[in-house]
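Below, chain A partners chain B and then partners chain C, in two separate complexes.
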Partner chain A sequence: MKILSLNFLTCAVKACKSSSASYPLHPKDAELVQDDIELNPQLLVNLMPRIDWSALSTTATELGFPALPAQPPTPEELEADEQKLKDLHNLLMQTQIMEGKLVCGNCGHEYAVREGIANFLLPSHLV
Partner chain B sequence: MSRPEDTLSADIHYNDTEARKYTTSSRIQNIQASMTHRALELLDLSSPSLILDVGCGSGLSGEILSSIPPEEGGPHVWIGMDVSASMLDIALQRDVEGDLMLADIGQGVPFRAGTFDAAVSISAIQWLCNAESSEISPAGRLSRFFNGLYASLKRGGRAVCQFYPKNDEQKKMITGAAVKAGFGAGLLEDDPETKNVKVYLVLTAGAGSTSDITGVVKGMDGVDVLDPRRKREAGKGDIKKGSKAWIVKKKEQMERKGKVVKATSKYTGRKRRIAF
Partner chain C sequence: MLPTPDTSHVSYERIYEPAEDSFLLLDTLSTPRETAFLTSRFRNEPLPLVLEIGPGSGVVIAFANAHAQLLFGTREILTAAIDVNSYACAATNTTVGKAASEHASTHGTYLGTAQGDLVAPLRDGAVDVLIFNPPYVPTPELPRWPTATDMVTSVANPSFQDDSYLLSLSYAGGVDGMEITDRLIESLPRVLSPKGCAYVLLCAQNKPEEVKHRIRGFGDQWRVDMVGSSGKQAGWEKLQIIRVWRE
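Let's look at the complex of A and B:
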């Protein structure tokens, strides 16, 4: 699972919908791989306004990456600075969680990730 | 023909054997590809987008999303949800580019508000009407799905769901659930009243949408929305079933019922071939 997806996923438990502690999910015992994916600059520019930068910073830190800049890059910066674009591409698109868990900070539910696939099936009493 | 949807739940029907059989059939590959292209046409995306593939299965629909060239607004990135571990397993083996999640769409769509530019669903949502193995009614599952889908789309975002309704009642139930969740909705039928009919539920989230089912598809390519109240002269004489005149007449009948049908063109009444 790409870090991009983690930036959009929330806890699926009904009682967590209204809690801010349920986002972002926290990776636990995560095994990462770097995949080779073609850079798609326009896609990143389109996605940037929707990325929750503070959640992404949290995720990056939790996965042991160097701290992100305090502010997200602007579209102009992304256009002007290819390195910024590549860094973002590397983190959001090429970094993938292969094994581990995603843990909700509100209810503590652990979503298992196996072979890159997160299991979001819930027992019916939690839906 | 019997429908597995009526007797089994999807995760049981799509076991390892069925998932492999499904994915390796070139007939199925072609049909799924052409329906995905049709759905993309209706989504009308002009720039690389983040797309949710609902019931992505082994990735036959998703890989089309990844393959759209820049001249046509792609390639898109997608996240696929599916309830069948066997189907997802095949997707892994086929090395698809989208992210995969094992999830039941009848439990909701666990993404934060405004995540996706668009959503597609190819041949999946009729499964929500089956509640064999679930404690929750089809209506409850449909409502969770459409509410979740609505919230996860950015405002003005579109979703196109091709599905196989069992009957008119099921078609109404699914469309009604989408409208209730706030979507503007339209039904589009390709090859109507034939055994190859394909039903597309076209949805828009917010941005001035109304629940008038014709409002959404108005102005879309290949979709002609005609005023259902306009009187037409019924065709007289013998019309051969399947002929152009027959299709045109059927279309008029459906329009009068307020349905949205494709514009009659020089292709009307011809057998459609999948282009490859």
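Let's look at the complex of A and C:
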């Protein structure tokens, strides 16, 4: 699963949905792989409005990537900055979580990731 | 007719085999009417998320991803899926990957497939296009709905009983074949983005007119249309695809 998936995912426990602590999910013991994908600057520029930047910053830091700037880059900044484009491309498009856990910051539940597939089925006591 | 994704790697003893319903979804999504709708609706939206619930073999989401340029008028779409069956999640990853490599100049960006209960792990308003080919066959009761621990046991030690159980999750729909579909439909106001739409397959026994009536009951802005159908039985469509959206 691409890191970008985490932009859309949250804890599957209903009661956690209303808590801001349930997003983003926190990777733990994550094993990452890098795919080799051609950089598409326009795609990244167009993707920016879809990204929750502060959540992505948290995720990037937790996974050991270089810290992101406090504010998301404007389209002009991003187009003009090849290093920034490469870094975002690497983080969002090329990196996959293959093994590890995704942890909810609200209830503490840990969702296992195996072979790139996160399991959001809940144990019976949480359903 | 756009090519159908290759699913020759999929084990059909525990994953739903592409059938008439799957192909009706492919046909419907690629009609001029739907490609025009999708293209104009998301023209000014940054990278819409196309999400399939219950992809099984992955044939439908692989098709949508591989032919993004033709269905959406742009390759700039995100695709993903959620299935309750972990084998189906793995099969979908492979099917999407194969189809994308065969259509290198037209495919979208595939995020991955997660295992889960319908839309439970999704954030509010996350989905722009939701696709659902549900377990729609009326059955006296639903199979026991799996939990995290069930699936671990089943993957570790697959047996014939586990396989037939996994397959039953792909078709058994309970009362009117609607128990799972109703749960999905009730979640649409939460997970669809303001421009979001959903394609849901229904069979004649699902009482499609009542389903459409329930959806219109969500509020004035909700719309539902039949956008694809196959086979007539006593004047009724055997299978149909409805599109649900807000104006």
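One rule holds in what follows: the second predicted complex is superposed on the first by the 122 of 127 C-alpha atoms of A that agree within 3 Å, B and C clash if a C-alpha of one lies under 4 Å from a C-alpha of the other, contacts with A are read in each partner's own complex, and residues count from 1 in each chain.
The rule is short, and it goes like this: contacts are C-beta pairs under 8 Å (C-beta built on N, C-alpha and C of every residue); 3 or more make two chains touch, one makes a residue touch a chain.
Given the structure is predicted, the values throughout are model-derived calculations rather than measurements.
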Partners on chain A (chain B, chain C) - clash or fit: clash
Partner chain in contact with A:Thr59 - chain B first, chain C second, else both or neither: neither
Contacts of A:Thr95 with chain B and chain C, given as first, second, both or neither: neither
Partner chain(s) touched by A:Asn106 [first = chain B, second = chain C, both, neither]: neither
First (chain B), second (chain C), both or neither touched by A:Tyr23: both
First (chain B), second (chain C), both or neither touched by A:Leu47: both
Partner chain in contact with A:Glu115 - chain B first, chain C second, else both or neither: both
Touching partner for A:Ser5 - first (chain B), second (chain C), both, neither: both
First (chain B), second (chain C), both or neither touched by A:Pro123: second
Common interface positions of chain A, toward chain B and toward chain C: 1-2, 4-5, 8-12, 23, 43, 46-47, 50, 93, 115-122, 124, 127
Chain A to chain B touching residues, read off their complex: 1-2, 4-5, 8-12, 23, 37, 40, 42-43, 46-47, 50, 52, 93, 115-122, 124, 127
Touch list for chain C against partner chain A, complex: 46-47, 49, 75-76, 78, 80, 82, 84, 86, 89-90, 93, 109-117, 120-124, 126, 145-151
Complex contact set, residues of chain B against chain A: 47-50, 70, 75-77, 79, 81, 83, 88, 92, 97, 99-104, 107-108, 110-112, 114-115, 117, 134-136, 144, 154
Chain A residues within the chain C interface of the complex: 1-2, 4-5, 8-12, 14, 17, 23, 43, 46-50, 93, 96, 111, 115-124, 127
